[in-house]
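If you scroll down you'll find the structure; I have some questions about it.
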Amino acid sequence: MINKVVKSAAESVTDIFDGATIMIGGFGEAGSPIELIHALIDHGAKNLTVVSNNTGSGHVGLAALIENKQVKKMTCSFPRTVNSTVFPELYHNGEIELELVPQGTLAERIRAGGAGIPAFFTPASVNTPLAEGKELRDFNGQTYVMEYGIRADYSLVKCKAADRYGNLIYNKTARNFGPIMCTAAEVSIVQTKSMVKLGELDPENIVTPGIFVKRVIEVNNPAEESKLVSEDRRYPW
Amino acid sequence: MQGWDRNQMAQKAALDIPDGAYVNLGIGIPEMVAGFVPEGREVIYHTENGLLGMGPTPANGKEDPELINAGKKHITAISGACFFHHADSFTMIRGRHIDICVLGAMQVSEEGDLANWSTGKPGTIPAVGGAMDLVSGVKTIYVITQHITKKGEPKIIKECTFPLTGRKIVERIYTNLAIIDVTKNGLFVKEFAPGVSYEYLQQNTDAKLHLYDD
Amino acid sequence: MINKVVKSAAESVTDIFDGATIMIGGFGEAGSPIELIHALIDHGAKNLTVVSNNTGSGHVGLAALIENKQVKKMTCSFPRTVNSTVFPELYHNGEIELELVPQGTLAERIRAGGAGIPAFFTPASVNTPLAEGKELRDFNGQTYVMEYGIRADYSLVKCKAADRYGNLIYNKTARNFGPIMCTAAEVSIVQTKSMVKLGELDPENIVTPGIFVKRVIEVNNPAEESKLVSEDRRYPW
Amino acid sequence: MQGWDRNQMAQKAALDIPDGAYVNLGIGIPEMVAGFVPEGREVIYHTENGLLGMGPTPANGKEDPELINAGKKHITAISGACFFHHADSFTMIRGRHIDICVLGAMQVSEEGDLANWSTGKPGTIPAVGGAMDLVSGVKTIYVITQHITKKGEPKIIKECTFPLTGRKIVERIYTNLAIIDVTKNGLFVKEFAPGVSYEYLQQNTDAKLHLYDD
């Protein structure tokens, strides 16, 4: 029988190893799997390469993971946001690496990784410093840069509802990187606001087919990052 | 010498499909495999035209022309199934998300090359479908085929003479005469059909067959 | 005001020009926009390049378009099926060209065309005749072939429900190539079983966002290709 | 010399957004454009984090932390909106499906080069977001910016000194002093803000400005 439900966030991340590459969903706080990230902080794996659009806010979630010195390198498109102080400080001190990728290229590299496409060409970043040292090539009179697919050992993703097959639906703009990150990791770990029975999700409306998901954890009342930040909370609590 | 019949061949392959596997079945004997998976194993069938969770053939009169499989046959969808478009479907295939694909064959080489889409003869219309994507993306490729052609020619041979579908990708071959593993050290007979001798099998195979207890 | 609804199939295809590249949705009969194809036969544009997974059945729909000598070249993965006699005959007589593409590569080329990706690498067809003459390249010890994105002047697609913005949902396995073909054409023309009011489609469940659609035509009772074939019907009737 | 205020700059750009356009608005003055599109025009706003059909800011207390725009601000969704993932969102952008993008600028060159993501100074943390994808994929790129920096330096210049976002991609520039078209023959002033003379405008611009009636 197929049952991807895991009892706790702690159990779901227990095999994450030092040096792993981890994709973390979310755009700002929307879709950020904060309980899974906190479980990863408790777990303590180090020297991680994290692929995520931002670098977190305040001292919770992704920012707390970085502050806890577990992240060796960030691959992202926008490493600074309002209330983002942790990453800048470590970056200025040379304590964390940054691979800056245009947001659409980041999304396409993740999608390519999940789809078995090792490399593709995009016009984004041509004639800019972000294309320096990369292979350029003309197609139909326009110049493109070659970018590589990215895969990860683990993805941490948040969704709205899931069934035991790992079929997922998302909530509004919290969908963002979740569906493509699930495709690109060896092990996708998903926290869901609610578990539903098999068959409850309309087969026409499932956004992430269960084949892309390995573990599902129900977190009924996930923390809101912006609230924690405004209360100046820190993780570990 | 018949050995196993088509149902038995499908059944043999079915025994090798583990609980929880995501499986794509080709047209012909491969699609019969689903009917023989032992009870208690939950297996999810993928059809590349856009469905994960393919169920059995619908009852007469319950066919939906917009619910078909890759062979264009009427099917059903199980509880927990989902529909998606072709690019997402081949993300599953090319991205190594599907565990097992069972395909038919015109020829299989001793290195695991597969030819199953074209004889390459002039004047024939080539048609490839998703076969090349499947063999290059699915984790494990099984082949089910009659051991020899209707004309009596061996299909398991040193080198394929027909155009390839993929190179070094077949892991195991289920024929009416035997189950044969493709390994780095050559072809190994895993199981003989009742009444089939090693000598008889080798006579009908144009590549060296090894025995595991050698 | 945005209103993509066109009154008739005839009106929707009236600007299709000789020599156009046209993507036609459908896998077998599922999703085949038969009324739009018949309108294109009535319209008469010639020397078309058609991108579609198959070549049609019997003497209706895509097979009838080919039989009417409007198609110069087919780009497809599987040009023969049960009841497919029109294409084979013309092909044997040298009256139609064929570009044979593996199904997944075809889907990805269309998706790339729609996504502004001029080329990408795939493992499918390496070591086969379909990769001959194409650029090969190794990534991480495996060989891949470079394939190009495809764009079209028009796409003809069938869906289940649409609104005036061109937002679409599909029915079961009739979805197949529709969503990606809508992204890859200058002008996507869609026949829908039903028009619905704006807001009736759940924004979480829309499969094709309206931005990819130019024209929508309601065809409440589309013909079933397999029935027409079994009755040996021919188009033009 | 102030010329137009921020609202007026946004309004000027809004007049150039036609009925039926698909539009992506950057952070800052660009996002104010939506408030000034003339009545009777139906414009669909795209936000790259996964929504087509962005509506106005929600009422106080009606914010949803999972319904935000690319600037991470709370938004609403209009009737007829749809949600999608990031790869699909940038299919819209890179695939040339979006008609107009309005962006802020640090510098614009007379050839239409744009620099708006980094000063390139050592020690600054670069952050690019979707800007490079937008300028290379959207059909028409408009820029809204103050004509000069707070320090009084020209932002419209012969060649950008900051790292580029994209090359030869800006079509029109809306500043507090003028509306300027970027053409193959150079920069042409389309409209002066009230009280702004050609001489004054040219003094504050580090690239030759042409007049259409020349």
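Letters A, B, C and D name the chains as they come in the text, with residue numbers starting at 1 for each one.
In the analysis below, a contact is a pair of C-beta atoms (placed from the backbone, for glycine too) under 8 Å apart; a residue touches a chain by one contact, two chains touch by 3 or more.
Not measured: the values here are computed from a predicted model.
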Co-neighbours of chain B and chain A - touch as defined: C
Chain A and chain D: spacing of chain centres that average the CA atoms, whole Å: 29
Between chain B and chain D, centroid-to-centroid distance (C-alpha), Å: 55
Computed distance of Cα centres, chain D from chain C, in Å: 36
Residues of chain C whose C-beta touches two or more other chains: 108, 111, 115-117, 122-123, 170-172, 204, 207
Contacts with two or more other chains, residues of chain D listed in rising order: 77, 83-84, 87, 90, 93-94, 137
Pairwise touch network: line, ring, star, complete, or other: other
Chain-chain contacts as defined at top: A-B, A-C, A-D, B-C, C-D
Residues on chain A engaged by chain B in the complex (per definition of touch): 1-2, 111, 113-117, 163-165, 167, 183-184, 198-199, 201, 203-204, 206, 209-212
Interfacial residue positions of chain C with respect to chain A in the complex: 108, 112, 115-123, 137, 139-140, 142, 144, 148, 169-172, 202, 204-205, 207
Chain B contact footprint on chain C (complex, rising order): 27-31, 53, 77-82, 87-88, 91-92, 98, 100-108, 110-111, 122-130, 170-180, 207, 224-226
Chain D residues touching chain C - in the complex, by the definition given at the top: 19-20, 22, 40, 42, 44, 46, 52-53, 77, 79-84, 87-88, 90-98, 137
Touching residues (chain side chain B, partner chain C) in the complex: 47-51, 64-69, 72, 77, 83-87, 89-90, 93-94, 113, 118, 120, 123, 125-133, 136-137, 163-167
